[in-house]
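Next up: some structures, all given as structure tokens.
One chain, chain A, appears in both complexes that follow, with chain B as partner in the first and chain C in the second.
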Partner chain A sequence: MLGALVCAVVALLLALIATVFVHAWPSFAHNGLSWFGPGGNVDDQMEAISLSAQTGAGYVYTFHAWPLIWSTILITGGAVTIALVSALFSAVFIIEFAPTWMSNILQPVVRFLASVPSVIYGLIGVVVIVPFIGNHFVTEPQKASVAGVISLTGYSLLAAVTVLTVMIAPLMVSIFSDGLRAVKPGWLEGSLALGVNRWRTTWKIGVRSARPAIVAGTVLAVARATGEAVMLAMISGSVGFAPNPADGLIFIYEPSRPLAPTIVKNIDQLSSKPANATLFAIAAVLLFSGAMVSLAGHIARRAMRKYGSA
Partner chain B sequence: MRSKTLAIAAITLLGLAAPASAGAVTLIGSGSVAAQPVLQALFATYTKKVNHKVHFTYVADGGNAGVKDVQNGTSQFAGQARTPLPSDAGTTYIKFYLDGLCMDVNPKNSLSNITIQQTHDIYRGLLTNWSQVPGSGLDTTIDPVGRDTNGGTYNFFLQAVLNNEPPASNVNALTADGLVVNAVKQDPNSIGYAGLAWQKKGLKTLKVNGVPCKASKISVEPLKYPLSRYIFLVLPGDGSSSPKALVKFIDWARRSKLAGETILKAGGVPAFNKK
Partner chain C sequence: MESSIQTPLPTAPSTPPTPQRNPLRPSRGHTDAVEGSATWQLADRIGLAFCWFLGLLFCAIAIAIVLYLMVQGIKFLKPSMLVTPAAAGFTEGESGGFSDAFIGTMIVAVMGIAIALPAGIAIAVWLVEYGRPAALARITESTIEAIAAIPSIVLALFGTVIFSSTALGFLSRTSQGVVFGRSFFAASAMLSLVALPLVVASVREGLNSIPRHVREASYAVGKTKAATTRRILLPTCRPQVATGAILGLGRIIGDTAIILVLLGATQNFAPVEGTGFPLNYLRGAGTTLTNFVYEASPTGNLNQPQKAYAAAFVLLLMVLALNAAADVVHRRARKVGTWSH
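Here is the complex of A and B:
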């Protein structure tokens, strides 16, 4: 009975993957590897794709997704990096250093934060963070320097990374602290008994043996960040623009749109066959990267198994 | 035992499906892309709240193609955003509702009137600084905001202001009318467009070519407000051969209060509906 259930779940998963890739195939088949490359304005391409179903002059599939992929890499990478560092120190503090009464309060708070629906963060982003960045951080000369190309109105990398960090950090803290708590007390006590100070003990024994949990938490956070759609659709800016670090500081104020929000934004075009294929192609890329991240996490955890269980 | 359960399930399913198909009518339409969001909202409201048995399919293949579909009988009605042309012989145009867009700026902007040409230049990226728009009292970079391609307001703006040229890349395309309004409220340098239903506190509604954006100006003939136009439904012949269900629907959509609210919510301006 349970075996049948497992088989059914696996079959369902395979069916899901097959559906996505079958729908996506025309888009990949037409563009080949240049699907992932730069070239032209991705928004204009998407519009041409959607409209081509109505003109009767044959479907258009040309799509170069690099600005969307680059935006996904920047936003996810930025948020996960910042969240990893801050979450690690927060977890160490909660488990090893905070007085009992404080960690008794902090732990449920962190758990609660980790479960707040992302659309709420999106709302706060739109009404508080985006206008704040637009009205206080971005200066007039900066706006004038890119006038006519993009608008620096607060819908930006900075807003997206900030809100995404706040969104995924509690998840990481929560998993990291579970990992730290599971470290065998004997190991820590042994180190302390040898006269090693508390900070060094925590860092060299506690954090080191909790590494599998840290990898697991990071993998989950990367997955959540890559797949985040609604919140980013609200605050990342909706232009298919590739922010260029060579532009200097202004780069963090530039708008962009990652892969997942692109699906949300164009959902009305699903009835257009070529647009449907393109959106499924984006979904396939997200699905594939999700699988790769979880595989990488699995391999990393295997390599660390000797340090402890998690 | 198992086969009995299956049989019961099958009968129940049939029982559920049967009343839905009995006497059901599907009305087939095609035409204007600009009218699609409002039409689809009306279809949904009608099927859900007025008559469960009437269903609609609508293919947004463009107004001209829609009229052709009506002429050769593949569609029972068409949505159309332009006035009749000689090539539309053998069809009847019915005034359905109005498209009306207001141009909005932040209250900190002292501009009170904008021309269609200025609006065009701003959204095409030709004017990028408020100092290029006399009367604004600002010398900052313009932040134009608009809808993404899913919105009916986007389609109307594209045709009425941009001559079907795509907006410049510095136009921030937001996913909902409410977000456009929110952006204009919060950013002193922005300009945006939204339907009548959105004109509330915190926004400054501009006159366009000197005509204020008010329901009284949008829906009263002759249409003096530049960003307003009729959306028509096109029927074959003189309209008398149309199925009864369609005639009933059109009457409901043009007159009832519920339909008026639906049109307003979807971005149009009701023309004849009870208030």
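Here is the complex of A and C:
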């Protein structure tokens, strides 16, 4: 009986994957690889797709998602990079260097930050971070320089990356600390006995042998960051625009919208057949990229089997 | 049955102690015995300073979030908001409270965990105690991992397909043959998938920590595998079951995407006509606190920031309470002690 339930859960996952890809197929079939490419205004395209269900002149599927994909890459990449570094140092601190009282405070703090609902992060982003960036960071000449294209109001890459970092870093800290805790004490003692100081022992022996946990935590954080929809829908600016780093530092103040928030923003169009296919196509891309990241993590960890843990 | 496990068990092959408990570890509590940072090179000391900076930064962020929402929440939260449903109005004074959202969160939490907890326990038991054929066990593990990694917005889209099918029309509103697909049933079913991996992971950890000889002792007195699981193993890992349930609850009440898609774009209960009391509400659309905060935030459709603060404060209190509960369970489990090997 338990076996039947287990089979049902496996079947449910397969059904989910099949459903998403079947529903997404018209959008991919119509656009081919140009689905992933640039071209035109993605918001206008989405609107044309939604409206085409009512005009009777045939469905429109043309969709070039590059600005959304680029925004996902920039925001996820930025947040995961910053979170990786800070989570690694924090985990090392909690496990090795913090005085007992400090790590007794930090552990619940990290657990708390990991459990705050994303909509609360979104609210704080909207009412605190976004106005702060809009009023204090973005200068008037900068606003004027892009006036014809987009408006810089504070809904920006910078706000999205900042809040997303705070969301995913605690997740990484807790997985990294589990990994560091499981390092064989003998290895550390061997290094200490050779006269290497504690800081370098931790980094050369502890962190290195905890690498499988670091990979696992990073994979989970990437999955969470790419799938984060509600918080990013609130503060990323919700414009289908691809910020260009070649424009100089101003690109971090520019609004954009990643893939997952695009689904949230267009959820009312779900009853329009072509829009439905387009939204499922976005979901399919999210699923596929998540699977690829997990696969990369698996391969990386397999190469690290010799470290014993995880 | 409790006492039967706690009686000292006869000699068993000693297993090596887990590395975490090794007292030789140069770690917290032993720092004084090891060299301090005074003798380190500058780069190493800068690194340690960076560690302190990050640690304090995390604390500062947590304190800032709690304090900010507390100040705003106390300023704007009125007890009447918890008992007044949302209403249409031009000002924040006219538009009522968010009682429907508050009750909605409770309903979704109870229904979601009511599905996720039994299913999660069953899957964990199967994985640890049965797990045969081995290939299926591996596939199941990957499945649970995959479900944990699927973005909740994708789960929500999948939910729209399932619950809009005519076969499941009895779970939501149907008008002129079209199934609405948005209801408490739909949202709770999908939210249970969000909680499921957490429950499975926690219960598995608990079952794995019970040494083999406990099971063997039970078989030796003639208990079947099923009886051993039900009367010995599951009662023993009650703390882990509780922890899994608490973590799952936290995820369920914090999720917004599934609620937004599967519960409806309304701020009030929308009971379905023609069914009895609890079912008509559960089949209808509704709202939760997360949905309310989203819609009431300055970027949402309602744009009532004061009420968004108040609702967010209530939500934060719930999360804090769940965290505290998890801590209590964890501490109590540790006090009971570990198995004598």
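General observations
Assume the second predicted complex is superposed on the first by the 309 of 310 C-alpha atoms of A that agree within 3 Å, B and C clash if a C-alpha of one lies under 4 Å from a C-alpha of the other, contacts with A are read in each partner's own complex, and residues count from 1 in each chain.
Everything below uses one rule, namely that a contact is a pair of C-beta atoms (placed from the backbone, for glycine too) under 8 Å apart; a residue touches a chain by one contact, two chains touch by 3 or more.
Keep in mind it's a predicted model, so treat the numbers as computed, not measured.
Once the two complexes are overlaid on the shared chain, A:151 sits against chain B while remaining clear of chain C. In the superposed model, A:29 lies in contact with neither chain B nor chain C. Shared-chain residue A:126: touches chain B and chain C both.
In the superposition on chain A, A:226 makes contact with chain C only, while chain B stays out of contact range. Touch criterion met: A:2 reaches chain C, while chain B stays clear of it. In the superposition on chain A, A:295 contacts neither chain B nor chain C. Legend: residue contacts after superposition of the two complexes on their common chain; A:303 is shown touching neither chain B nor chain C.
Of the two partner chains placed around the shared chain by superposition, chain B and chain C are both touched by A:264. Shared-chain residue A:109: touches chain C; no touch with chain B.
Counting the residues of chain A touched by each of chain B and chain C gives the higher count for C.
Once both structures are placed on chain A, chain A residues 126-127, 233-234, 238, 264, 267-268 are touched by chain B and, in the other complex, by chain C. By the touch criterion stated above, chain A contacts chain C in their complex at residues 2-3, 5-7, 9-10, 12-13, 16, 19-20, 23, 86, 89-90, 92-100, 102-103, 105-106, 108-113, 115-120, 122-124, 126-128, 166, 169-170, 173, 181-185, 188-189, 192, 197-200, 220, 223, 226-230, 233-235, 238, 260, 263-264, 267-268, 270, 279-280, 283, 286-287, 290-291, 294. Those residues of chain C whose C-beta lies close enough to touch chain A in the complex are 19-20, 22, 24-29, 31, 34-35, 37, 39-40, 44, 47-48, 50-52, 54-55, 57-59, 61-62, 65, 68-69, 119, 122-123, 125-127, 130, 136, 139-140, 143-155, 157-158, 160-161, 193, 196, 250, 253-257, 260-261, 265, 290, 293-294, 297-299, 305, 308-309, 312, 315-316, 319-320, 322-323, 326-327. Chain A makes touch with chain B in their complex at residues 41, 43-44, 47, 50, 54, 126-127, 130-131, 134-135, 140, 143-144, 146-151, 153-155, 233-234, 237-239, 241, 255, 264-269. Put simply, chain B touches chain A in their complex at residues 33, 60-62, 65, 125-126, 128-129, 140-145, 148-150, 166, 168-175, 179, 182-183, 186-190.
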